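Have a look at this one before I ask anything.
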Amino acid sequence: MDPTDRETACFEAGVKFGALYHQFAGAPVSPKSAASLETAIEETIENQPYCEEVSVDIHTDELETTRGYTELTGEYMDVVMRIEYEDCIVHAEMAMEDGYPLMRVVDIVGE
Amino acid sequence: MDPTDRETACFEAGVKFGALYHQFAGAPVSPKSAASLETAIEETIENQPYCEEVSVDIHTDELETTRGYTELTGEYMDVVMRIEYEDCIVHAEMAMEDGYPLMRVVDIVGE
Amino acid sequence: MDPTDRETACFEAGVKFGALYHQFAGAPVSPKSAASLETAIEETIENQPYCEEVSVDIHTDELETTRGYTELTGEYMDVVMRIEYEDCIVHAEMAMEDGYPLMRVVDIVGE
Amino acid sequence: MDPTDRETACFEAGVKFGALYHQFAGAPVSPKSAASLETAIEETIENQPYCEEVSVDIHTDELETTRGYTELTGEYMDVVMRIEYEDCIVHAEMAMEDGYPLMRVVDIVGE
């Protein structure tokens, strides 16, 4: 059975989260460089189809280490995203849950 | 509105495709090394939740260049995947369409 | 035989180029988003040890495609970098040569 | 001043380490899938110029988590590599030191 527009919108939201995470995981990040990385992640992923808005919040206060930077992983960032496909709007997010970054659909609007 | 199980299954399928693509894009690949990369991509992504089966076909005959290898992009591989979430099964694929790798849900079964 | 400081400086320069390339290859990039990605790449890699300055120039005028963006590869950017290790300064660059992005040491100063 | 062959060999070794790390960091890995990832990392990086041998040892016994897999980082693998450029042979390695993965040149042979 073919997907509905809502289902396609959810698939597209998932693609963006998987892309965001695995494109940028491992990038060296410090308190000083976090802001430019946030902006680049947002604008980079917003290039993808149906991706209307991405907001990334890197936890700057958790990045300090003895070598001055750490490697970006899901534990250091929250992400919210809005996907629009046909008449459907999907809000999705990534945040820590039980020690792991959990990506999920928060809300779907439209048919 | 919360997602249905079908919608969540589609979201999860999308996550796996985005992850697969952006984890492995850019990897140097040659005709000789393509088989081990296919296997590793499959087994790596199958670690993710709800991901029951991944099959990757790298187009070995297109990888030859004057330097002996190329960088993996969507144009050099086809992917099919089966995601199972609750009672829903999603089949999704990535293949070239109009010159770009298109990821899409092929079929959804279950409520 | 242990490496000299000059040799270690060259090794460190190589690490930064390999990291830069394989961290960011595959990122969706458009004329509009190229500037933020340039800045993030520079500041991200400058976090690494001994890396004093990175300058990235993405070829904005080559990024237009029918879908509005492309995936970053070496053919779309030039990079210059300054590494300082002990008393040695290495200048290295990445630029296209014979159709491939070539990374190389341009100059070494110091013992 | 142009680099010597030894210095170029060290630069090339660095490129391979940076590439290896940032291509594969973040990949989901479990005890069951570690072997295929090791092989793929080795064969993938061996495609690069002057890279004669790569050996990757993923610490399988450290990968278990409550969700069954973890994301690959430097703390979970040791790497040794042999680079040959002109008449120089560089042995380099990555291993944990003081809590961080340290990449270094172990030995250089030849002029």
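Letters A, B, C and D mark the chains as written, and numbering starts fresh at 1 in each.
In the analysis below, a contact is a pair of C-beta atoms (placed from the backbone, for glycine too) under 8 Å apart; a residue touches a chain by one contact, two chains touch by 3 or more.
What you see is a predicted model, and the numbers here were worked out from it, not measured in a lab.
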Pair of chains joined by more contacts [C-beta pairs], A-C or B-C: A-C
Classification of the chain C:chain D interface as same or different, half of numbers criterion: same
Remotest chain, chain D as reference, centres from CA atoms: A
Where chain C and chain D are represented by their mean Cα positions, the distance between them in whole Å: 19
Inter-centroid spacing, chain C versus chain B (mean Cα positions, whole Å): 29
Whole-Å separation of chain centres (CA-atom averages), chain A against chain C: 25
Overlap residues in chain B, where contacts from two or more other chains coincide: 19, 21-23, 26-27, 67
Chain A contact footprint on chain B (complex, rising order): 1-3, 6-8, 10-23, 92, 103-105, 107-109
Of chain B, residues touching chain C in the complex: 21-22, 25-27, 66-67, 71, 73, 98-100
Footprint of chain D on chain B - complex, ascending: 19, 23-24, 26-30, 32-33, 36-37, 39-49, 67-69
